[in-house]
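In the two assemblies presented below, chain A is common to both, partnered first by chain B and then by chain C.
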Partner chain A sequence: MKDIIIIGIGPAGISAAIYLKRAGLNPVVIGQDFGALSDYPEKVENYYGFGNPILGEDLIKEGINQAKRLDIEIIQDSVIALDQIDDHFKVKTTKHKFQTKTVILATGKKRMTMSIPGFNKFKGKGISLCAACDGYFFRRKKVALIGCGPYMAHELDVLKEINQDITVFTHGSPLLESVSFPVVNSKITRFLGTDKLEGIETEDGNIYQVQGIFVAIGAPSSIDFATKLGVVVERNSLVVNHTYQTNIPGLFAIGDVIGGKLQIAKAVYDGMMVSDHIKTYLKSK
Partner chain B sequence: MVKHLKTDTFKKEVLESDVPVLVDFWAKWCSPCLRVAPILEELSKEVEGKAKICKLEVDEEYEIADEYEIMSIPTIVVFVNGEIKEQVIGVQSKQSLLKLLGL
Partner chain C sequence: MKDIIIIGIGPAGISAAIYLKRAGLNPVVIGQDFGALSDYPEKVENYYGFGNPILGEDLIKEGINQAKRLDIEIIQDSVIALDQIDDHFKVKTTKHKFQTKTVILATGKKRMTMSIPGFNKFKGKGISLCAACDGYFFRRKKVALIGCGPYMAHELDVLKEINQDITVFTHGSPLLESVSFPVVNSKITRFLGTDKLEGIETEDGNIYQVQGIFVAIGAPSSIDFATKLGVVVERNSLVVNHTYQTNIPGLFAIGDVIGGKLQIAKAVYDGMMVSDHIKTYLKSK
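Our next item is the complex of A and B:
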């Protein structure tokens, strides 16, 4: 059993790890993509201490190097599932499984949302972000699962317990997992229906009748984890109290995912502050 | 106190209520739904006399869940004068729920 798993290798997650390590604890940091900073086209000019502006991607790499030099365990892998069991958490990555007393979500915010026409209209009216919550409503219906990688495979395992009439839509991406259900590779152009979802239209002109759609594209975001665990989310941000704890004991969140200024300096501050609160939380257990 | 609704009490408790009614559609196997419960308990104490806070288990009372076309849980619906005034999906803070109730 680990004490602390930090999900996210950006400025918030790494800063939290550094302060926790210096406080004598042993955090494990797990993350794969570099988030918003790696897509930022300009060099970072507003963060303290860099006489010459630095690329966001380089800044993150240096942060990881800094943590490694302090003997912090960093696992470069995607987290595909986060579950709570009694008073601890189970973290599943594409290669490993861990148990931990506390989790810090520091994955940043996905700037990209699904822009396929009909997505927002049918959210909750056929389109679901949580197979474990909503699979039941579609147990005798035709359902689609959108995704191509390990996250999709994980959701498929959940869904196939409830329903056998599943089609996997990779939405134009290569399928990375072997599945025993029909697969459609063409890109999705539209979700169809009047009040409720009725079908999917793809780029090659085909129309597939489905009543339910489950989305598991790429790696799950913090919002996806939060939705599945029952964290209070407001205006696309996770709600935390003054100790950075969510409404779930032991589950903390820092950086862009909790809103406020989407800045490196603020992410670093959150990382520093949460380390004190984690120490207090672990001591009280 | 949070009231547990049954199919045969729904009309009287919700549709014929004099005060706004918040109904939480939930199920035992839905882990985010379990997170709504303590928030509703707290809310119900705060709005006593001004609004009713209820829960409806979609497994048991599936006729009502079907009638309102619930396809995602937790779904929280606010009824005023027998009609749906607000409907949201997912766990909400107590403040957001108070706002939904117009309180």
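Our next item is the complex of A and C:
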């Protein structure tokens, strides 16, 4: 059983890890995606301490190296599931499973999106980002699951308990997991329907009639995890109290995902501040 | 008339300047002393973003270069006086005078101290760090003024309006300003007295009877400025509201000087956060 698992290897997560480690604790940091900073086209000019501007991606790498120098355990892997059991958590990555007393969500605000006509129109109206949250509503419907890797496989495990009429769409990517359901490899070109989702059109000209679509590309975001656990979300941000704790005891969140200024300085500050509260929480257990 | 003068060239002051500049404002940053970080013997390991630990002094230099790259005006000079006139401020450095609508105090918590027997015992009981605050209490007493440069000269200007029995002690340093009062160059070895301050003993064996001593070595700290202006100070920290404003309208304070965590991450965060409040304040004028 770990004491602390931090999900996210950006400024918030690494800053929290540094402060926790220096306080004598042993946080484990898990992350794969470099987050919003890695997509930022311009160099970072407004985070204090760099005479020459630094690329977001390079800053993330510096942070990871900084943590490694302090012997912080960093696992570069995607978290595909986060579940609560009694008073602790199970964290599943593509390669490992952990149990932990506390979790800090620090993955940033980047969420899966698809630039495919109809995606935004039908999101929430047939297109879901969480099998555990919405699978039941589609239990007697034809559904599609979009994805190709461990996250897709995890969502498929959830879905197949409630539905057997599932088709997996890899959207042009090679299938990384073996599945016992029909698989479509062609790229998706359009989501069809009028008021409600009715089907999927693929590059090869086929049309597949479905009433529900579950998207499991890449890895779930903190908001996906949190929604599934029943964390209060307001305006696309996780709600935390003054100790950075969500309404789930032991589940903390910092950085962009809790809203406020979407700035490195704020994420780093959050990471520093949450460390005291984690210490207090662990001591109280 | 400037819009914003930031006093302090450390993480808090420079971070504020960067955010203000990028918001289209023209802050002027004034500072000489590198503050607490420059004395820090170990390299900085807990401020996010540095794969290799960095010396505090080097971090300060990086920050100054970062600001200069953004065309922020930085004046490397000591502020020796800060006064309020109507709804604005006068800032006096050793070489310049400015008027400004707002001031951000960001000099850190380092205060002048003297490792001389009797200093701590008589501080507040005859030894004062502010001529304007305490000069009147000693108006019919023999007083000493310790210092050798522009700050001493400024304090002397204040003192001589209320007292003519002043001796200047340079404490072994060369006198940088011409003064029309007796000057003692020998180093101070002890402050004498039983309950109250009674005199100064110097290295050459002389004893000078004085009832009051004003210390003006180096440059005044933010707390010295603030005390003189009537800012509420609690437990050696300036009290600010949620907008980082002190009880003096237009006078803001950030970083170590307002207490809380004495950490770079917190100073940088304060700098980012105060910028919005300064914008709001200036707009309301």
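Here is the rule we use: the second predicted complex is superposed on the first by the 276 of 285 C-alpha atoms of A that agree within 3 Å, B and C clash if a C-alpha of one lies under 4 Å from a C-alpha of the other, contacts with A are read in each partner's own complex, and residues count from 1 in each chain.
In the analysis below, a residue touches a chain if its C-beta (ideal position, glycine included) is under 8 Å from a C-beta of that chain, and two chains touch if they have at least 3 such contacts.
What you are looking at is a predicted structure, and each value in this text was computed from that prediction instead of being measured.
Using the contact criterion defined above for the overlaid structures, shared-chain residue A:150 touches neither chain B nor chain C, since it reaches no partner. Once chain A of one complex is fitted onto chain A of the other, the partner contacts of A:15 are limited to chain C, with no touch recorded for chain B.
Look at A:229: by the touch rule set out above, it reaches chain B but stays clear of chain C. In the superposition on chain A, no contact is made by A:199 with either chain B or chain C. Residue by residue along chain A, chain B and chain C are tallied for touches, and C comes out ahead. By the touch criterion defined above, A:239 lies against chain B but remains apart from chain C after alignment on the C-alpha atoms of chain A. In the superposition on chain A, no contact is made by A:27 with either chain B or chain C. Of all residues in chain C, those touching chain A in their complex are 11, 14-15, 18-19, 22, 45-54, 59, 61-66, 69-70, 261, 263-266, 268-269, 271-273.
Considering their complex, residues 27, 29-36, 39, 58-59, 69-75, 89-93, 96 of chain B touch chain A. Against chain B, in their complex, chain A makes its touches with residues 83-84, 123-126, 128, 130, 132-134, 136-138, 195-196, 212, 227-234, 239, 247-248.
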